[in-house]
Each structure stands twice: as structure tokens, then as C-alpha cells.
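The first chain written gets the first letter, and so on, giving A, B and C; residue counts start at 1 in each chain.
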Amino acid sequence: MLGQIVVSGITIGAIYALIAIGFTIVFATNRLVNFAHGEFVMAGGMLYAYFTGVQHLPIAPAFLLATVSSGLIAWLVYQIGLSDVDRDNHIAQVMITLGAGIALKGAAQVWLGKDTLFPPAFSGQAPMSLGTLTVSSQALWIAGGLLTFLLALHVLLKYTRLGASMRAVSINHYAATLMGISPGRAAAMAFVLAGVIGGAAGGLLAPLASTHYDNGIFLAIKGFAAAIVGGIGSPLGAVVGGLVLGLSESLAAGYVSSVYKDVVSLALLLFVLILRPQGLLGRALPQKL
Amino acid sequence: MSSAIDRRLTLLLLVLLPILAAITDNNFHKSILVFGVINAISAVGLCLMLGLAGQISLGQAAFFGIGAYVTSNLATRAGLEPALAIVLAACCAMALGWAISRPLSRLHDHYLAMATLAFGTVMYIGFANGRDWTGGLDPGMSMPKLTMFGQDLSSMNALFAVSWIALTLSVFVANNIAGHRIGRTLRAMKMSAPAAASVGIDVVQAKAFVFAIGALLTGLAGGLYAYVARSFNAGVFGIGYSIELLMMVVIGSLNRVSGAITGAFIITVLPILFDRFEDYRTLVFGVTMVLIMKFMPTGLVDGLFSLGARLLSGRRR
Amino acid sequence: MFHRAINQRPFRKAFGLAKLCAPVALVLAAAASHAQETVKIGGIFALSGPASFLGVPEERGFRMKIDEINKAGGLNGRKIEGIVYDTEGNTTKAAQQFRRLVESDNVLAVIGPSSSGESLIVGPIANELKVPTVTHAGTEKMTVPVTPWVFNTPPTDRVVAAHLLGVFKKRGITKLGLMTAADGFGQSGANVVKELAPQYGVQVSRHEEFNRQDADITAQVLRVKDSDAQAMLVWSAFPAPTIILKNAAAVGFKKPIYNSFAAASKDLIVQGGASAEGTYVSSMRLLAPDTLAADDPMRAIVNKIFSDYKARYNEAPATFTAHSYDALLIMEAAAKKISGPITRQSLRDAMETVTVVGGNGIYRLSPNSHGPDPESRSMVLLVVKGGEWKVDE
């Protein structure tokens, strides 16, 4: 039983990790808790279901289209909502993302319907056996997706100018401006990335767990928790946080009590925050006076 | 905008509310006013925590729930006089607020947000599963009518009066805190906790104080809610309420008590108004939120005041 | 001369006023006569939130039947205007929207709300404000004891649980693994199953909970698998039942899986695919109308609801559609018995005298019975065979 529980924990942990990455990138470049992030994930899942179910596109183009659309939606949220708002007024920006998230949920409700949908798995429904364990093929796609995005992100951040400018902005956006980097560009790009990666997470998860216009906030909170536990601002921390969260949930459900499994994972979170406020992989940031 | 104007505006709102209650003859509309007043009490609590002291809390629903459940248990099981039950419940909430702030005192901003969110969620799960004490999600709690020393106070008018008195008291408390030394301490802590500590302010005590007061007011609101709604289940005390409270204080104007009251009424009334849009309700509500924050980033009260000031001082050529 | 008189100022003013008043007066007259022509019936359903799987089909049944009644001339010649509000499954909102319908919109009667929690608070208000109300609660407390103004159309949770437990007893299942959602619906199911199980010789040897929206429920399935439970009963709305079926198939869970009526829909088969094969559900008849016995008294009405819904909404109806449909059937039958004007009091009094065959059961209403006749066996056991729901008893 332990092996199977670990497999479930890692699968769901990988999804939490993907959600947390998008969250943490936006935070790093914008110093902003993006409350609309869960809706980007929801959009990815719902659009994937729409393109396969209503437009009858084959799986690969439907998934790609859904992911790209989520990125576009994220970009629009930034451009319309945030690009001309005072960057130092954090609370107003948070409110705007909150409103944008609600609006996206409302839009999905009206234009994509209120049904719970299960779009097709990427390579069929039949689970695969690995020794005594069964793994669904979709779980392997999820793991593959996580690794691919991590690699791509690493390349982007380390080896491209855009990545360098994003890192510069995340360290100190005033200094970045002085160096001729446009924080707005980096911020917009961060949103697009969050939309793409979040949308991909939604599309990967939907065949396993369903998608519904309403499940954005549920997933956002998990992603937020994972990002915080791992150390917000660090994509690798997001991955670690996601896996830790997923595993702790699964283990708690299996061995402690399924009723209180969320209490266990939240208590863990509180514990980490109290003992190590900057998260597992976060750097202890100097506090500005 | 000076706090004197804020006080006058708050007074104006407090006077306006009973007038509104008197001229509506429709019980449904009156009940909206009552819920608005109750939410305003919670919002004033969060306004003190976030606006004055810079402590973000996404777990206020927990205190609201404690207020409601302790009140209902004291009233139904111990047969306590309702007013006493509500006061005791508010004190329980206050104690919890004080207790939870100590381990969280090292956290700030988004870390504090996450920790309070976690706290709120743990309490919600407790409410939903502690069926012996809370009735859980089904069937929930049922309350008797509100009475005070034998007098039946269950009519909408009476409930409004009781809630309005509670709101006035809360505003009084909030203004006193803001205007005295403790208020200056909290403001200093908001601007910079290390700097405040360096001039001898006990930051941990100050945080505990403001958490306790915020919890007290929200618990008071919860106790009143129990008697107004008469029947409720744990679903009321989830993260949705905490997020709504945040919207109320920010939309209103973060560090204005008048803002908290205004925001509370807006968030209480708008969804009812938007019911006419049926399926489009959620979309319209979200867009409205975005528009308000874009064009008035410091909140409605501040925004309307500066708009008014600009219009009154004449257009600039 | 006359001409000049009319052009004088005061006359011009009077004429202007009359010109304004006339259309207004006409509109008012039309509205007054129009108001005499329509009756308003209110609906409060959970159109969003965790109970929307109940509210959405109920609202559709509501609209569908109102249109049908109006096409046939209305209630005693007066057309029905349906006013619907969303309660979001929230008890406070349910109470508010109920008051709104009764005090602001002045409806004749109210249908709904969708869930037990909401109905428990609305019931006392209905009795206080004296409005005939047909709730859609699973709890029997709505009609036991009977209160003057509250009726209830669905079979209660108790009926469903008793049906399933009866099946278990017949099939020799004495140890049960109970899986319930951590929401109002799941909790009420857990409460009633645990209460009734001993009477049928069934012991709940494992009780696991999950969130209805959890992505993975494998751990809980494994716990039931490892216990001595001989069967699993899942009491939750979607998507959890589908996910449980998939997780169970993946870990090789071989024991029979039974579902509550919340999973009684084609969706379980469509979403679950191969993993849904062989699973059971206790359902109202609307799920598989053509597999009903030829002499089943409800066969005709069930088939009618099914085909009307399919024609209008292009998909098979969820079984909860019958909750509101039956409520309107009752009101329609009651109105026919009223000779004078239809008021809240006369409608209520008439409702207590009718016998109606509905999609959910047979209603033999009387001052002592405000719900479906328990003898009418509302639930049937269905099983997925070859990708279709088939009656299994």
C-alpha cells in the first residue's frame, strides 16, 4: 500500500508543483500574489475539454491550443488590469487579480458551461503496471510535463536576455530600470509564463480529476501553499513544495485519517512557516527598514 | 484626508443607516441592511488589523465561526441569556486571536497571509467535522429567537437596532485605538517593524493586541449573525468569507473606518443587485471589482473624496 | 375663438399633461389586467456551488413544466410567471431569496430549495409567512412531522439508504466500506446510513471521507480494500464517484461498488469508461425509463419527462429534474380543484387533496401526508452493463 500511496502523492504533487511554479514566477518579478492564477489553471483544463469535446480537435493540438490560450488570457489580465497600476501599491494589485479571477470564473461559467468535464487522457485510459504498482499513463505525462517545463524555464532564465531581465527585475526592480530593463516587459512575460505553465497543469490534470469552472480557487490555494512551503520566488522551491504537499496529503489520507488529511498538510505548512519563515529553499531576505 | 473627516463620514454613515432601515417596509431589504451591519463590524476589525497595523489576515472567518458557534452552544445547551452568550463568544474569539498571533509574529506579508489562511482552513475543517458541537455541514445549527431579559427581539427592526448598537460600539473602540498611543504604535509597526522595535516598541505584544481586537469584533459579528440567520452550517465560515472581508476593507479604503463600513455594504448589496444578470452575475461582479480598483486604487472612500476635491477646486486649465 | 381658447397657456399645459398621462394610464390598465392574467411561482435552487448538481436540473424541470402548463392555458386560465433565484447552496442566501420571493416579488407559491440544509431553514419561514412551499430536501424532517405549508417531493435520504441496505441484506453483504464526501450531502448520507445499517444486519466496518473535488482518492480506496468490507458504498456528487471508480480499477479493487443517487447519471458511464462497468446505483426511475416494467404505474410519466427534456435540452435528464416537475404537477392538479380565485390558502388546501403520479413516486397527499407515498418504491437498483444503465432487480 505504501508504494501506491507514494505514487499518488507524487502524481498530485507534480501538479501542485506546476501550479506553484507559475505562482512563484509572477511573485518574483512583480512582488504580487496573483489570486487569478487558479483560474489560469482552470482555463487550461476547461479549454482543453472544450477543444476536444466541442470542436472535436485531436488531443495534441487541443492541448497546445488550450495552453497557448491560457497564456494569452494571462497576458490580457496583465495588460488590462495591471500594466498601468502603481507598482508599489501591492494591495490594489492583489485586489485586481482577485477581481480578474472572479471575472474569469464567471466567463467560463457562461461560455464554457457548468458541467464537470473529463477530457480524454493523452494516451488512453488503461493503467500501466510497474511491478506491484499501477500507474496511470496520464501520471507519466504529468511527470514528463513537469520536467520539460523545469528544463525550459531553466534555459529561459539562465541563457536568454528575457530571462536575465526577469531575474534582474526580481532582485531589484529599481536597479533593473536603471540598467535599461523594462520591468513592465518582464512582468508581462512572467504572467504569460504563469498562464502557459498553469494552463498546461490544468490540461494535464483534467483527464484524471475532471475540470469545472469552479475548481480554480481550490487549486490556487494548493499551489500557493506549495510555493510558500518551498520558498516563494524560487521555481525549484515550488517543485519541492509541491511534492512535499502532495506526498503529505496522500500519506495522511492513507495512514492517519482521510477526514483530517487537509489538517495534517496545513499543520505541516504552519510548522514550516513558524520554524523557517522563508520556506524550505528560500533565502532569508534582508528586511528593509 | 484627515482622520477628522473620516470620523465625520463614519458618523454620517451611522446616522444614515437607521434612517434607511426606517424607510424600507420590505423585510427582505431590511434583512440585507442587517447583514450589511454585521459585515461592517467584521470589516472594522480587519480594518484595524490590516489598515492600521499592516497585519494581513485571511483567516477572519475562523473568528466569525467561533463567535457564532460559541454563542449558539451557550444559548441552546447552557440556556444563557443571549446578550451574555454573544459577549462571552466574542471574548473566546478574542482569546483565540491573541493566542494565534504569538507563533505567527515572525511572519509578515504573504507568509502571514498564507499562515492565517492555513489557520482559517484548519478551523473550517474543525467546524465541518466537529458535528457534536457544530452540527457540521448537515444539519448545522438552529437557534432560538433573540430575546433580551424576556423581551422578544426577533423582528427585523429589533435585530437591526441591536446590530447597529454593536456597530456603533465597534466604531467607538476602533476610533479610540486609532487616536491614542496604541494607534500610533501600530502605525509605526506598519511602517517598519524593525524600526519600531529599535525605539522600544514591543512588536509581539502590539501584534497580539491588534489580532485580539480584530478577533473580538469579528467574533461579536459572528454571535449576532447566529441570532439573525437563526440557522447556519459550517459552509458559511470557509475561506470565501475571509476573502469577502478582505475585499470589503480594500474596496472601501484600507485605513478608513468609514471605508470599512462602505465596503461592507457594497460587498453585501452588490451580489443581490447583480442577481438580475442571472448566469452573468459572477462575470459582472468580477469586472466591477477590477474597474473599481483600477480607477480608485486606494479604495472608494479615498477615491470619491479626491474626485470631489478636484471637482470642487475647479477644473485645471 | 375656440381655437384661441385651446391655445391658451393653461389649456396647453393641461393637454400636455393629458398627453403624458394617457399612455401611462393605458400601460397601467394593461398592467393591471395583465397582473390579473398571470400568477407568479417562485423557485429557489442551488444553481452554483456544491449542490448545483441538484439545482441545475431542478431549475430546468421547473421551466419546462411551466412552459407546458402555459401552452395548455395556464393554471385555471392564468399564465404562470416563473421567478428563479440562485441560493448557491448557502442556507443564509436560501432564506434571503425565499423572503425576497414572498415579500418583494409576491409569489403565490415557492418551489425549492435544493438541499436539506437550506430546506430546514426555509421551512419554518414558509410556515410563518404562510406560503405553500414544495421543498426538494433529502431529510425527512420536512414532512415528519407534517407542517401546514411545507411539502416535499424527492424520496428522502432515508428511503435511498433503506433501499440500498435492503439490497445488501438480500445479497448477504454484512460488512460495508462507506466512502462519503466531506460536504453537506456526504455528511447527511453518512448519518442516515450509519443510523439504519444495524436494522439490516450491516456493519459499517470502514468509513472514509474525501473532498468532492479531490484529484486522487486512491489512499481511501486502498484503506477500504485492505479492510474486511465486502462492498463499497460511495455517497458523493461528481466528480468524486468517477475518480473513485478509476482509482479502484487502477489498484485492482474487485469488490462491488454501489453509489447513491447523486451518481445516477449517464455522466458516470461517459466519464468512467471501462472502469464504470459493473457499478451499481440506487436511482429514481428517470435514469433508465425504457427498462421499466410494462405495468409500472410511473412508466408513462417517466417516459414523458424523459422525452420532453431531451427534446428541449438535447441531453438526457438528470433524475432530479422530477423534483420540481412533480411539484408543478401537484400544483396543476390542485388548481383544477379550485373553483374560486387561486390564493396561497386555497392552493395549499387543494394540494392536500390530490393524488398524482409523478416521476419520483406516487403522491397521495392529505393533511397527514405531504410527501411521496413511501409504498410507491421510488428507487430502483441499476447496474452498468455494456456501457448502459440497466435495471438489476
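Here is the rule we use: a contact is a pair of C-beta atoms (placed from the backbone, for glycine too) under 8 Å apart; a residue touches a chain by one contact, two chains touch by 3 or more.
Model, not experiment: these values are computed from the prediction.
S.K.: Going only between touching chains, how few steps reach subunit B from subunit A?
M.R.: Counted as steps through touching chains, the separation is 1.
S.K.: Give the label of the chain whose average Cα location is farthest from that of subunit B.
M.R.: Of all chains, C has its centre farthest from that of subunit B.
S.K.: Report, in whole Å, the distance between the mean C-alpha point of subunit A and the mean C-alpha point of subunit B.
M.R.: Taking the average C-alpha coordinate of subunit A and of subunit B, the gap between them is 31 Å.
S.K.: With centres defined as the mean C-alpha position, give me the subunit A-subunit C separation in Å.
M.R.: Roughly 37 Å, centre to centre.
S.K.: Counting only residues that touch at least two other chains, what does the list for subunit B look like?
M.R.: Within subunit B, the residues that touch at least two other chains are 129, 279, 281-282.
S.K.: Send over the residues of subunit C in touch with two or more other chains.
M.R.: 48, 182
S.K.: Find every residue in subunit A that makes contact with two or more other chains and list them.
M.R.: Each of 109, 259, 262 in subunit A touches at least two other chains.
S.K.: List the residues on subunit B that touch subunit C in their complex, please.
M.R.: Contact set of subunit B toward subunit C: 26-29, 31-32, 35, 128-129, 131, 136-140, 142, 229-233, 235-236, 272, 275, 278-279, 281-282.
S.K.: Taking the touch rule as given, give the residues of subunit C at its contact with subunit B in the complex, in rising order.
M.R.: Result: residues 47-48, 50, 85-86, 89-92, 95-96, 99-100, 103-104, 116-117, 120-121, 139, 141, 182-185, 187-188, 191 of subunit C touch subunit B.
S.K.: Inside the complex, what are the residues of subunit C that reach subunit A?
M.R.: Per the stated touch rule, the residues are 48-49, 52, 56, 182, 208-211, 213-216, 218-220, 222-223, 226, 238-239, 242-243, 246, 249-252, 267, 270-271, 273-275.
S.K.: Which residues of subunit A touch subunit B in their complex?
M.R.: Its residues touching subunit B are 27, 33, 80-81, 84-86, 89, 91-92, 95-96, 98-107, 109-110, 217, 221, 224-225, 228, 232, 259-260, 262-263, 266-267, 269-270, 273-274, 277-278, 287-289.
S.K.: Please give the residue numbers of subunit A that touch subunit C in the complex, ascending.
M.R.: 1, 4-5, 8, 11-12, 15, 109, 114-116, 118, 125-127, 134, 136, 205, 208-210, 212, 214-215, 218, 250-251, 253-254, 258-259, 261-262
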